[in-house]
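Note that chain A is present in both complexes that follow, paired respectively with chain B and with chain C.
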Partner chain A sequence: MQITVKLYGSLCIGRFNSALCEYPDHCTVLTIVKSLGIPSEYLIRLRNGSHVQFDEVVQDGDTISLLPMLDGG
Partner chain B sequence: MSGAADFIMEHSAGGLLSWQHQLEASERFGLSLAEVEGVILDKGLLPGRYQRNRQTISQADQRELFRSRVTVIGCGGLGCYVVEELARLGVGQIVVVDPDTFEEHNLNRQLYSTPEKLGEVKVLAALQRVAEVNPAVTVIPYQKAFSAENGKGLLAGSRVAVDALDNIGVRMELAEICNMMGLPLVHGAIAGWFGHVTTLFPGDDTLQNIYGPQKASKGVEASLGNPSFTPALVAALQVAEVCKLLLGQGKTLKNRTLMIDLLNMEFQELEL
Partner chain C sequence: MRILSQNPVADTSSVLYRRCVIDLATGTSTQNDVPCKNLEDVLGGFGRSYQILAERRISEAYCPENPLILNIGILTGSTVMTGLRSYFSSYSPLKHSKKGLPSAMWSAGSGNFGNKLKWSGVDEVIFENRSEVPVYAVFSEGENGANVELKSATHLLGLTSHEKIMALQKEYTDAHFAVIGPAGENFNNVYMGAVVLSTDNQLKSGEGKSRFAGRGGMGSMMGYKNLIAIVARSSDKMGKITPDMRDVNRDVIKNGGSARFQPVSQGGHGGTWANIDVLQAFHAVPENNFRPKGDEDVAGLFRGNVEKDFDIQSEACFRCGIRCHNNLFHRNADGSRGALAAKFDFEPLILFGSNIGINNGRQVTELIHLCDSLGMDAISLGTTISYLLEYNARHPEQPLCDGVGFGQFDKIRDLIVQTGRGNLCAVGRGVMRLSEQTGETSYAMHVKGLELPAYLPETNPAYAFAIAGGHMSMGTHMYLAKEGKTGLDDWVEVITRQGLLQVGYDMIGLCKFVGVGMGHELIPRAISEATGLKVSSEEIVAAVRRAYLRGLALELRQGYEDDEYTLPAQVFENPNPKVTLPAFVTPEFFAQMKQKVWAVFKPEMKGLLP
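For the complex of A and B:
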């Protein structure tokens, strides 16, 4: 199935901003995160604009957005 | 005050009163510089220091800024720049809240940190600096950590709050208290080359929409650090939002989060 993956901030470094990626059916958000070599801590995860847990199963055509959790001031 | 008002009217030129005459009025009539500034603005004049504000901010708006109080929570990378810009803008009262003293690792970015000030209280450094930059502005420093317990008291009387914190959990508490108090909040966060800014009005849950249900207090700053330019830029954007909120002008970042990527010089809006 095809998933649009959008990356923001530091997560783009050495990767991409937005890409249409091929994943096996019934894969989870965590599978996608791991496939990109992104550390799972301090990570904001959106599925079609809504926050999701790592174990959420994604569907063909979904957009997964991953953002670093910015905390500095 | 009428003697001071007459003196001010007599010595103004082109709608402006020079700093020299503002000082003289203060000394001659036993008024604070803030009191003199109040009279100048009430008389429809402008202190000379704001003459380059004039094409952007009207005389009446300058008076509005002077009559406003803004609370800045956090006096670190973002907070120092926010305080500096609010003071130069002419916001009359600035409450600054931070429990910390300057440490060596602050020197790369925190405007009020210098080698001589290592170990000094950050909010007192802000007080001293504003006294030098714009002595007509009143800084009210609180050397304490913002919390759910003291938050309402720290924000009382302010028209806008600025989130310049470095802890996500406390940011959420600040947003909640602002919401309860009906206070707009300008949020900014940074790490490395990256930052984001948004403005919350009472009832907005933008921060929850950004950070989600996770109960994290820390994020990626520890791994990405913060260079000098990221806080300067994000603080400037926050102050522009504060200015618009105080003057009721322009379009704010309500329900919009401006994502800033200085590595690729990309600015994009995220609707959350």
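For the complex of A and C:
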């Protein structure tokens, strides 16, 4: 299935900003994160704009956005 | 600090800190070792200073009876990485209840000043009364505590904060400095004066790389007391780093919390600057007075775009491996690195950038530099200016301050200069007072009289329970963006269990960018290794909680009514549809949230004040 993956901030470095990626059916958000070599802690995950857990199964045509989890100061 | 027992919980009086009281009216000082009354005293910072403030009934900030308290945390001056913090506490000239009573405040800063103060022989200084003439205080290491002198500061008047520091360094080569800028000198018209702290990098390079204790007008309090600068002299007394301490510091660097703030080249995300990328994904970057437009204008302030014009160097506070500073340097014509332009952090970047309609990195650096040089709090100044610009946009027929508008760089620059030099009290006294003068309070972005940082109030209802700055004393400002949670119980839980514990860093002397919660095992391990004191995580959390609740109780004693625990009215009256994060902060939600939070807090607040 095809998933649009969007990356933000430093996560784009050496990767991409947005890409249409091929993944096996019934894969999870964590599968996508791991496939990109992104550490899974301190990561904001959105599925079609809404926050999701790592174990959420994605659907063909979804957009998964991954953002670094920062803080203020 | 003298430690006579390793168990400070069983016998808090076995830990004694060195207090110096200076009567600025007479020029006399006394010192004594004060036994700690409780674990908050032991940990230090605002946990201790607020107990002193609570003993006094102060009805106006600028009065001789209002003390200015300078102290440190238990880990300041230790070998624990980031253990640099010094704290300034007083009843604030800026933050006040609608009854007109000043609120207690503290503000924290890094740099090497706190270390030097500790090594000179004192843990706490209480400045009483005010001097008739401008003075600076010098603390030098002596045989029995610090030697203290007050000297004429006439030659420092009118200098920028950086100029003051460099002038003092010529005379005191073994010292670090806390100074005020012209804003603090003009305390009657500027209530948002910052305390400006020197850094090693600044003293070595001669560049204006200060750190700031900005919130609540502690620099204005120094100005009121005619205390223009504080000099802390000592040899370097950094202890030997033991193998166990090396492990503590390794964990400071390696834990995922601090890694977020580290340079991109180090595998981090590049400091708080990177927040702009994250929040823009939700169209939640403040623009034009906290009113995101839903467009991509702020992209001009993204790191990738600013890098085209500047050399960016990741630098650090003294001996800190987190290296969160993003210092921007001009480029010379030959491509080499030129002079320092400014340090980019999220708050000043946004509040002197997109939130006042400026998305040009060069212009933002100039405004940040001006604010820093004049010695003002970037958050209070930026947020007050954005209100003024919105007022003018709403009233083109009768604008204020020469009709300055969003994006008008030259006029805004002049506004900052006039404010910092004490010529524009409408801005210098903060947004709450300005909005009460204009009669339009709904879009004045403050809570309880203190200007909001660069996180939208509609994304953080917990601002109402911050006691000393919206994001410095309630760690919930990114909760919605991070977790996406909008449930009532989620918010009550995060306020009453996690968010309030953020203030613990303003007790122990470490920087918040260590990035772990107060309940993390790293904190007691660091205290044990640095001091020998055995304190459990649970005991630390309980002490931090008491200190926070004491601050909340002190707010109520200073006249805050329930209706002041609120957000700017615009949040409820005119929600912004451009923000793509869930809109959940309705009046009903907010009222229920408050009720539940008070139900948790109020029983615990009993007995915390004298």
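Here, the second predicted complex is superposed on the first by the 72 of 73 C-alpha atoms of A that agree within 3 Å, B and C clash if a C-alpha of one lies under 4 Å from a C-alpha of the other, contacts with A are read in each partner's own complex, and residues count from 1 in each chain.
Basically, a residue touches a chain if its C-beta (ideal position, glycine included) is under 8 Å from a C-beta of that chain, and two chains touch if they have at least 3 such contacts.
The model shown is predicted, which means the values in this text are computed figures rather than measured ones.
J.: Chain B or chain C: which reaches more residues on chain A?
T.: C
J.: A:42 contacts which: chain B (first), chain C (second), both, neither?
T.: both
J.: Looking at the overlay, what does A:69 touch: chain B (first), chain C (second), both, or neither?
T.: both
J.: Take the contacts of chain A with chain B and those with chain C, and give the residues found in both.
T.: 8-10, 13, 42, 44, 49, 51, 68-73
J.: Enumerate the contact residues on chain A facing chain C in the complex.
T.: Chain A residues touching chain C: 8-10, 13, 39, 41-42, 44, 46, 49-51, 65, 67-73.
J.: Which chain B residues qualify as touching chain A in the complex?
T.: Per the touch definition, chain B meets chain A at residues 74, 76-79, 163-168, 188-196, 209-214, 216-221, 223-224, 226, 231, 259, 261, 263-264, 270-272.
J.: Within their complex, state which residues of chain A touch chain B.
T.: 8-10, 12-13, 42, 44-45, 49, 51, 68-73
J.: Contact residues on chain C for chain A in the complex?
T.: 256-257, 259-261, 264, 268-270, 272, 274-275, 277-278, 281, 324, 345-347, 453, 455, 471, 475, 477-478, 481-485, 512-513, 515, 580
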